[in-house]
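What follows is chain A paired twice: with chain B in the first complex and chain C in the second.
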Partner chain A sequence: MTSGTKSRMIEEMKLQSGQDPSCCYQCAKCSAACPVTAAMDLLPHQVIRYLQLGLEEELLESRTPWICASCFTCAARCPRDLDLARMMEGVRLAILRRREGNKFGPADLTPEQLAKLPQQALVSGFRKYNK
Partner chain B sequence: MRYRYFPGCTLKGQAKIMEETTMAAAEALGIELQELSDWQCCGAVFPLYEDELITLLSPVRTLAAAEGEPLVSLCAACHHVLKRAQELMQRSEDARSKVTDFLEVEYSGEGRVLHFLEVLRDDLGFKKLAEMVKKPLAGRKMAAYYGCLLLRPAKVMQFDDPENPTIMEDFLKALGAEVVKTPYRTECCGAYLSVTEEKVARDTVSKIIDSARSAGAEGLITACPLCHYNLENCAADNAGKPVEILYFSELLAEALGLTVRAGSAEEKTGEVPSQ
Partner chain C sequence: MPRTGVFICHCGTNIAATVDIDKVVEAARSFPGVVHAEDYRYLCSEVGQDLIKKSIRDHNLDRVVVGTCSPRMHENTFRKAAAEAGLNPFLLEVANIREHCSWVHRDMDEATPKAVALVRAASAKAALNDPLEPPTVEVEKRALVIGGGIAGIQAALDIAEAGFTVDIVEREPSIGGRMAQLEKTFPTLDCSACILTPKMVEVAQHPNINLLTYSEVEEVSGYVGQFDVTIRKKARSVDAVKCTGCGICYEKCPKKTPAEFEMGRSTRKAIYVPFPQAVPNVPVIDREACLYFQKGRCQICAKECPADAVDFEQQDELVERRYGAIIVSTGFDQLDPSAYGEYGYGQHPDILTGLEFERLFNASGPTGGKVVRFSDGKPPKKVVFIQCVGSRDKARGMNYCSKICCMYTAKQAILLKEKVPDAKSYVFYIDVRTAGKGYEEFQRRAAEEYDVAYLRGQVGKIFPENEHLVVKGVDSLSGKTIEIKADMVVLAAASIARADAPALGRIVGINSDSYHFFNEAHPKLRPVETHTAGVFIAGACQAPKDIPDTVAQAGAAAAKAVSLLSREVLQGEACTAVVNKAECSGCLYCEAVCPYGAISAVEIEERSATGTIARTIADVNAALCQGCGSCTAICRSGSINLKGFSNEQILAEVDAICLQR
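Our next item is the complex of A and B:
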């Protein structure tokens, strides 16, 4: 647990995403709106709660940021005008930049996928999962 | 009506049919789409972190290449990236000066950035379009699938009401089709999760397809090559009537009485675009 300590990652995230998690009052509209919560271990509003509490390690271990597809529905429904997609991006980037490096690359694709996938999927997928 | 046109890579590859049908339709409608002479991939995703400036280089280069003229694209992802990059260039002096200095171009956020559907709605007008239809799609039960990128974030995209959009339904009506509304029309299809987390995409796509089928739709239209791929390839093995997945422009060309063969544009010009 890193609760209570000031997390460098979270401070950087506030700066680079322009989002302040402390504005969130936990109404959980984002979690109600998200179409992929079934595959998440932390619900979207819980991610913001963890950010509020400074639970950096727990966030970096979570599956949720990799399930988020940046569909922006959470931000569209937020009554506090917070953009959770940007905060999720912050958690992903923290992992990619500091910890594990690339998450997914061309070698992970089957020849069938490479033949069929639209170029847009390949470029966006690599952009989201690689640095 | 003349526009600069940015195709994007997928329209020269997997989504060639969207470009070919649009080009044929645009010509019939008197809309000139002038392809940018030297373009590159839009980057496919808009950077959500302020320091990810390198991802902005390619869309800003494209925006500057339009020289202030209205810039049209067809792919929902390209349009999303270009529109958001433009908004950032207008809003952030810091990002603008760093990106334009690096690219050595002048650009400060000018020019209209349009999706082709907006050209049809706002510049041509759906009323005029309906008058130009030669073979109305009478009795065809079609549903619109918007997905995410054209609609959200609504403040920037300004495409339509993000919760209750009508542009694609109005487009279908203009073509004479019978419009079927489906509850999942603005929900995400799973995007690139079909590459890394296929099960998640199967769940989201199955909801979209099943809801369209139970609403009686025989087809879904989209403007996004990735949505098209997911809707075609990630639906659960469901029994029942198949739901045809089409680009909006395929129905447009059909209603205008045009026959477009896959690969015809390439045969015509004999050119492959520089990448």
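Our next item is the complex of A and C:
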């Protein structure tokens, strides 16, 4: 854990999700409200704590971001007005971006496909399926 | 040509680190009318003031400009120094080169010319300054306290003991406020009524205190030393002189209605006293509930009253009085937690607020002092306390910490264990905040000796299951989710400002923060004063606070009021508006915008070509004028000027600032 990592994760979350993990004061209301904590290895408030501490490696191994169903109960209850569901999506993106390689790139597509597909769907597709 | 002296302060490094003092002094020497300029490390020090005084004499100065901090800080200091050297204090001008310059800039090359411009502007204005004499105001030796809770009671007693007459205006039928609703007080667990009621009785008996209960302040005009206040004494429908307080009326009254004092958790009669120790012990008829007032028949109270005190014909009475000082101590409310759907408040009788739970312990409370569930009358064995309901919550509640909840929750958990020895308490908290003498020890006692389980986390959902309330929460320290089958849930709802605090603020002329708590004049150094001279604040109307803090603040407000009332006369505002009679067209827009009611229409006679004519113009009452300048801004013909801030003076400043060197 270094301060450099800490600020990097927080800055990345701010950029990815528009949410600032530093705002969280760890009341854990999100975890109390979450309907799927039983299947999580880290509780939602712990995910934010890991972000605050910059525990990047540990976070990348966690099942929690993939368990999150984006039901938004946490966001509705958060007294700090943080949208946790967005932040979870941010964590998922961070994980995906850190895993090496893309399954396919723009070069793999034919000009016909590129002309037909909307730009946004492409970018989103590259990110989602590059496991 | 004036003979102006310019004095530039370093303020240690506060100014000197960002502004090149030598350059400012050098530049000042070339300003029109400046015959002397120098600098000093701390002008506000005694040595610094002596330096100004000596220069005024040595150089025969008739204007002084000081380039220092904000006039809010030291204008008075320097004006007094000038006066001691024989100069009219209003011939001194302050150029704010700290707050308006050195503190807000980093670059010396840019800050220095700005400081020069500010000093040049002040010199240009000073050249046009006239000597002014502030009017004197007689002080009415009577104080008004608005709100008769512990803050108002304490303040009134302190002022009365100092020998001044005090009126307490209380909206409810009795004084006592929130403290009267409490069973015990932390951290000593003394009975709230046992320490409050002697003070209430003292108030009632004190020869210098007049109680106006069931009354509200309707209008405040005037100014420090002479506030003219209109108070509405609502019709009690009971003659307070005849009434002996025997209580037969409310015993016999057939009409029940929810009791405000119990937050609607029990009922009272239509004729009632809010609680047994009420002061004054004179009942009130709630006309909204009374069968006679609503349906025209009943009158049982009047028939039963042995003193013939019930008076259905009584009318509201308007009392007009003059006061030298006003203390506002209107207290606080508790947030209605219904908006928090996950807690189910209002959906289930055994989910209570902290104040409602408190009443369960009170012998005259809704359960007669038995700690039992509203649903089935059984004592609760498992009670869950939830902290920060609406506090520290910028999304759905208040961003601030309500300050008292951590302590009263610990108190209630201890009281519960004493009343129901086999009960178990759980406290969901975010942080436990117990700053205060004996507070931390008290809270630790709850956890260590009274078996109160403190769980660091929050609750996500509460739902009824059979006779229980299932509380689903989390303990963030262990990272475990927790489910408790509770018998009762107590919500520490946020302490909030009274809903009508802004309205009262407008009447009295004081402002409030974004949460509607009244603003003090300075958060550290003037904690009980407001920006309106002669109006002071005390207690939870300023911010959530506990009884010791409230009493301390009330004493402080009383001391301020007493020091004001002790003076025979006050110096009024010297910078008041004046009307140019020849130019004023009498449109009276100024009268409409004047917040102090200082402007009125007068008729003057004027000679014209066709003979003498009468016409209407505006006239300023200098004693009422506070020099805000609204009238000068709205005057279409520019015929109202503010002494000390005349249009000519302001334009001279603007010209001096715009002058490029």
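We adopt the following convention: the second predicted complex is superposed on the first by the 89 of 131 C-alpha atoms of A that agree within 3 Å, B and C clash if a C-alpha of one lies under 4 Å from a C-alpha of the other, contacts with A are read in each partner's own complex, and residues count from 1 in each chain.
Keep in mind that, in the parts below, contacts are C-beta pairs under 8 Å (C-beta built on N, C-alpha and C of every residue); 3 or more make two chains touch, one makes a residue touch a chain.
Everything numeric in this text was worked out from a predicted model, so none of it was measured.
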Is A:Cys27 touching the first partner chain B, the second partner chain C, both, or neither of them? second
Let me test your reading of the model: by the given contact rule, A:Gly18 touches which partner, first (chain B), second (chain C), both or neither? first
For A:Thr73, is the partner it touches chain B (first), chain C (second), both, or none of the two (neither)? both
Chain touching more of chain A, residue-wise (chain B, chain C): B
Please indicate which partner A:Leu117 is in contact with in the superposed arrangement: first for chain B, second for chain C, both, or neither. first
Is A:Gln46 touching anything from chain B or chain C once the two structures are fitted on A? First, second, both or neither. second
Residue overlap on chain A between the chain B interface and the chain C interface 38, 73
Chain A residues touching chain C in their complex are 25-29, 31-34, 37-38, 42-43, 45-46, 73, 77-81
Note which residues of chain C are touching chain A in the complex, please. 342, 388, 392-397, 430-431, 456-461, 472-476, 479, 481
Under the definition above, what is the set of chain B residues touching chain A in their complex? 8-10, 13-15, 41, 43-45, 48-52, 55, 75, 77, 148, 152-154, 162-163, 187-188, 190-197, 199-200, 203-204, 207, 224-226, 228-229, 233
If you look only at chain A, which of its residues touch chain B in the complex? 15-18, 35-36, 38-39, 66-67, 69-73, 75-76, 83, 85-86, 89-90, 93, 104, 109, 113, 116-125, 127-129
